[in-house]
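We call the chains A, B and C, going by the order they appear; numbering starts again at 1 in every chain.
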Amino acid sequence: MSNVKKYTNKLDKLNFDKMYNGDFFLTWEKTDDEIAAVFTVADALRHLRENNISTKIFDSGLGISLFRDNSTRTRFSFASACNLLGLEVQDLDEGKSQIAHGETVRETANMISFMADAIGIRDDMYIGKGNTYMHNVVDAVTAGNRDGVLEQKPTLVNLQCDIDHPTQCMADMLHCIHELGGSDDLDTAIANLKGKKVAMTWAYSPSYGKPLSVPQGVVGLFTRFGMDVTLAYPQGYEIMDEVAEVAKANCQKSGAKFSITNDMAEAFKDADIVYPKSWAPFKAMEERTELYGKGDLDGIKALEKKLLAQNAEHKDWECTEDMMKLTRDGKALYLHCLPADITDVSCDAGEVAATVFDRYRDPLYKQASFKPYIIAAMIFLAKVKNPQETLKKLEKEGKLRHQGE
Amino acid sequence: MSNVKKYTNKLDKLNFDKMYNGDFFLTWEKTDDEIAAVFTVADALRHLRENNISTKIFDSGLGISLFRDNSTRTRFSFASACNLLGLEVQDLDEGKSQIAHGETVRETANMISFMADAIGIRDDMYIGKGNTYMHNVVDAVTAGNRDGVLEQKPTLVNLQCDIDHPTQCMADMLHCIHELGGSDDLDTAIANLKGKKVAMTWAYSPSYGKPLSVPQGVVGLFTRFGMDVTLAYPQGYEIMDEVAEVAKANCQKSGAKFSITNDMAEAFKDADIVYPKSWAPFKAMEERTELYGKGDLDGIKALEKKLLAQNAEHKDWECTEDMMKLTRDGKALYLHCLPADITDVSCDAGEVAATVFDRYRDPLYKQASFKPYIIAAMIFLAKVKNPQETLKKLEKEGKLRHQGE
Amino acid sequence: MSNVKKYTNKLDKLNFDKMYNGDFFLTWEKTDDEIAAVFTVADALRHLRENNISTKIFDSGLGISLFRDNSTRTRFSFASACNLLGLEVQDLDEGKSQIAHGETVRETANMISFMADAIGIRDDMYIGKGNTYMHNVVDAVTAGNRDGVLEQKPTLVNLQCDIDHPTQCMADMLHCIHELGGSDDLDTAIANLKGKKVAMTWAYSPSYGKPLSVPQGVVGLFTRFGMDVTLAYPQGYEIMDEVAEVAKANCQKSGAKFSITNDMAEAFKDADIVYPKSWAPFKAMEERTELYGKGDLDGIKALEKKLLAQNAEHKDWECTEDMMKLTRDGKALYLHCLPADITDVSCDAGEVAATVFDRYRDPLYKQASFKPYIIAAMIFLAKVKNPQETLKKLEKEGKLRHQGE
C-alpha cells in the first residue's frame, strides 16, 4: 500500500521554495534543505512507482536532451525520468541539425523550447566550457520566457559538466543513504552516516582524459553530510582548486574532515565507502581545452601520448582484493559510476579487480537505479509549485502506471 | 480563464469541410476560409495550452517525420505539434532503414503508416521532386486506407518542399496578424493589414543553393490578404513562374499589388514588413537537379562555384540600418525564417546587419513560436470531424496539461 | 460496436499462464495454446483499435529497441506496438553509446531497463549469436529483477534472430488465417487450413547473405497447423538441421507433411500458399560467422564472392507468372516479408516477377499490417496478469483512441 505521507511530512520541514522555476547546475549551489528535498522527492516518486501509481504530472510536453559525448546510462536515465513525469524526450542531435553555421546558443535554446519543460545537457569535455554553456542556455530560455517567446521556462538539469556531475553524485549519495544509513527515515539515515569514512580515489585506466566531474562532484557533495572524505591520487592528478575549496568549506560546516593524499592505501584504510575511478589531471584538461581552442591537433596528440604514459606509471592504483581488505572489516561499500575498467575483463589492467567488481555487482546496479529518480525529482521540484500537494494528489488519484498488474 | 468560444464562433462562419481527411501541400490550393481555419485553430490550441488545458486529441498514435535535409527548428516544431496532440514522433531515418534497394514509395509509405495519424516531410532540395514525392506518399496511403491495409489515412503536412514552405509562411503570416493586425479578432486584424506593404527581398549569403520555398511561399500567401507585396532580387534570381502567377491571381482577387523589382531599396521604401533572405536562382536549381539526375559531380561542382561567384556580386543586398531607415517610419517588422546569416556574427558578410537582427530578436523568436501551432492546426483540421465541438470538449473537460502549476 | 467477448471467450479456453512475465524467443518453444493466445490477443487489440478504443495498458514506461541491422518495417512495427500499449520507444543506438569498451551484456541490459517494460532485439547476422545474445539479456534482467535492481522484468520480444523470426512468421500465419481460413472463428479458420499446401521456397536475389530466420520460422510454425509444407531450395541452400527437425516433429503431432525438394516447380504444384524468398546457405553463414570471429576480412570477401556466384547459378528460381500458374487454380496466396527483390523493378533479376508482385500488393501490405499487433500481443501476454479481464476493462472504459473521429 502506498503512503506518501512519510515523504510529504519530511518536505513540510524543508525550505526549498527557490527551486520552483529553477535549474540544477552544481550541488554546492543548493542548500542542505534543497538537497534533502531532491532525495525525498526521488524516494517518493520511486515509492509511488513501486506501488504502481502513475507519477505523470505532464499530460504533454517535451524533455530535450543534448549529449555532447556518447552516453548510454545517462541518456536512458534522462529518458526514464522524463517518461516517468509524462514528458516525451526529443534529442537535439547536433549532427542532424542546422546549428553549425553560426547560430547562437540563445537562438537554438529558444527554437527548441516552445513546448519544452526540461532540458538535460551533458557537456563535460572541455574545462571552462560545459557549465558555461548550460548557463547560456538557461539565460536564453529565461529571457525567452520573460519576453513572451516561451510560454514556460524549461528547467535545466546538468547531466554532467566540466565541474560537477550532480545527477550521478546525488544518486551515489542516495544509494549510500539506503545501503548504510540503517533507517527508513532520511534524517536518521543521514545522521547515521556522520563520521563514516569515504575514499574517493584515482584508479588506473588504459584510456585517458576521463572527466573530473565525478571525483569533484563526490568531494563537493559527500563532505556536506559529515562524512570524512579522503581524496587520493598520484601526484599530478589534482582536481579543480575551487572544488577542493568547496569540500573544505563543507567540512567546516558539517564538522567532517576532508583530506588529500597521494597514497591509495591510506585512503582505503578503514574506509566505509570506496570510489576508485580514473580521471584526467585538471591541468592537462585545461591544456587540452586550449589546444582544441587553437585547433592544434599535433599538440593534442602529443598531450594524449604524454597522458597515457603518465597513467601507465600508476598501474598499481587498482582496487584489488588486498586493497579492499584494508577497508572497515574488509567490507566497504564499493561505488562506481560505470562503466568500470575491469582488469582482465575489459582491459589487461584497470581500475578494479574482477572479483571485487563481481562481488559488488548488485549494489552497483542499485546505485545506478537511483539516477532516473534523482533527475525526475530535480525536474519535479523545478516545475511543481506545491510538491507535497501534488504528491498527495497523485497518490489519491491512484492512476495505475500499469493496468495489467 | 480559458474561453474557446471566440475561436469556435469564428470557425462556425468558415467553410472548411474538405480539410477533413485531407492533406496540406501548398497554401494556394486552400481556400481563404481554409487558411482562416488553420489560423483560428492554431490560436485556439495556443489559447488552451496557455491556460494549461490539455489539447491531446490522440490517446495513442504516431506522427512520422521524414527529413531529407538537416533541420532543427522544423524538426522540433513538428515534434512539438505532434506531442501537443498526443502523437508520438517516430523519425524515418533513411540511413537506418532498408529503403535503399529499390523499395517503392508506395511500399514504404504503407509500411510505416499502420499506426500513423500524421506524416511530416521536408524534401526541398530538388526542383520538381519534393512536392511530387509528397503526393506519391499521399496517393500510397490513400490507396492503402481505401484497400483496407491502413485503418486510417495519415494526413500529410508539407514541412517544406521545392515549391512552398506552408508551415513557415503561415506562421510568418499569423505573426504579422498578431504583431500588426491591431485586433484580437482575426477578421478585423486581417482587414487592418490590407494595403500594408511587404518587401520580400533576396539578400546576400556566403552559402549558396538555399531553397526557394520561403520567398515563393510568402508571395503566394501574403498577396491573398490584400497586402502589396514587392519581390526584389538581383537579376538572375527569379523564382518559379507558376508561383509568380499565383501571386498575380491572388492580387486580382484581393485588390493588392504584386510587383517585382531588381532594386532592394525600392522594395524597402515605406515597407511595413521586410523579409530579406537569400535563395538560389530557380534556373540554377533546375540545372542542379538535372546534374544530380545524371550523377554529373563535376558539373555540380562547377555550378556551385558559379553560383557562389554570382552571389558574391551582390554583397550589397544586405538588410542594413540604412535599409531599415527606408521603411515605414524606419520601423518595419523584420521577418526571417532563421537561421539568418548575420554579418560579423555568423559570417563576414551576410543577409542582415547584427544591430538590425539584434533589435528584432524577440519578434523573430515569436514568429518562430507559431510554427508548432500551425502544424498542429493542420493535423487537427485533417483528423477531427467537428473541430468546434472537439475544442469545446477539450475546454470543458479541462484536463490539465501540467498538474503542478 | 466493439465486442471483445468473442476474444475473451476464446482465451478462456486456452492455457497460457506461463506467458505471464515470460519472453518470446522461438515459436516452437511455445505451446499451441500459447500461439493461439497471441493470435487472439492480436485480433482483440486490432478490434479495439478499429473501434477507436484505447488499448493503452501503460500510463508510462519504456519499450527499448535494439537493432543490430538496418530496419524500417520491424522498427516501425515495434514502435507501433509499444505506442499502442502506452510505452515510449527508446532506441539503444550502440553507435551513440559507451557500450564499446568491454561493458558486459549483463550490465548494459540492467542499465537501460530501470523503466523498461519491453525490449525488442533484432540480431540476425551471425549464426549462434543472435538468439544467445537475447538469452543473455533476459538472464541479466531476470537476475536484476530478482535481486532488487529492477522493479519489473522487461519482456523480450525477438524481432529476428539467427534461428527464428517469430513476429514475422506469426504475422504471416495470422494473415493466412484471415485470408484463407474462411471463418471469423479462430478454431474454425485454423481447422479449415488443415491440409492446405504451403511452398516455402528459395528464390534468386542479386544480394547475398540474407538471414535464414524467415524460412526457418515458417517451416517451424506453419507445420503445427496441419498444413503440408514443402521447403524447396537449390542444393547447398540447406537450413539449420534443428529447425528441420522441429518441422518434422510438428508434423508428427499435427498429421501434416513436411518435405524438402530441390525443385521449385514441385513445391509450387497445387500450392495454396507460396513464400518464395532468398536466403543464404546455413553452412556458408556458419563459415562467415567463424571468419568474422577471426577477423579474416580476406576470407569474408572471398566467401561473399563465392556466394554471389553460387546464387547466380539459380536465377531460374523466380516466382514468375508461369510458376504461379502451377499453384491451386493459379491463385495461391503469395507471401513475402518485404522488401522483395522484384525483377526489372529493384534489380535485373530477382525473387519475383513484377506482374506477380503487383497483383499481390494489397494482400502483402495486409500481411505486414499484422506485425504491430503480434508484437503488442506478445508484450500484452507477458505483462498482463489477467488478459481477459484487462481486455474487458479496456472495452468497458472505452477511452477513445482518437477524440476527433
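Simple rule for what comes next: a contact is a pair of C-beta atoms (placed from the backbone, for glycine too) under 8 Å apart; a residue touches a chain by one contact, two chains touch by 3 or more.
Remember, it's a predicted structure, so these values are computed and weren't measured experimentally.
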Cα-superposition angle relating the copies chain C and chain A, to nearest 5°: 120
Same vs different contact residues, chain A with chain B, by half of numbers used: different
Centre-of-Cα separation between chain B and chain A, whole angstrom: 41
Multi-chain contact sites of chain C, meaning residues that touch two or more partners: 88
Contact set on chain A toward chain B in their complex: 57-62, 88, 90, 92, 96-99, 101-104, 106-108, 110-112, 114-115, 117, 144, 147-152, 380, 383-387, 390, 393-394
Residues of chain C defined as touching chain B within the complex: 49-50, 54-56, 67, 70-73, 75-77, 79-80, 83-84, 86, 88-89, 207, 338-339, 341-342, 345-347, 361-362, 365-366, 368-369, 372, 399-405
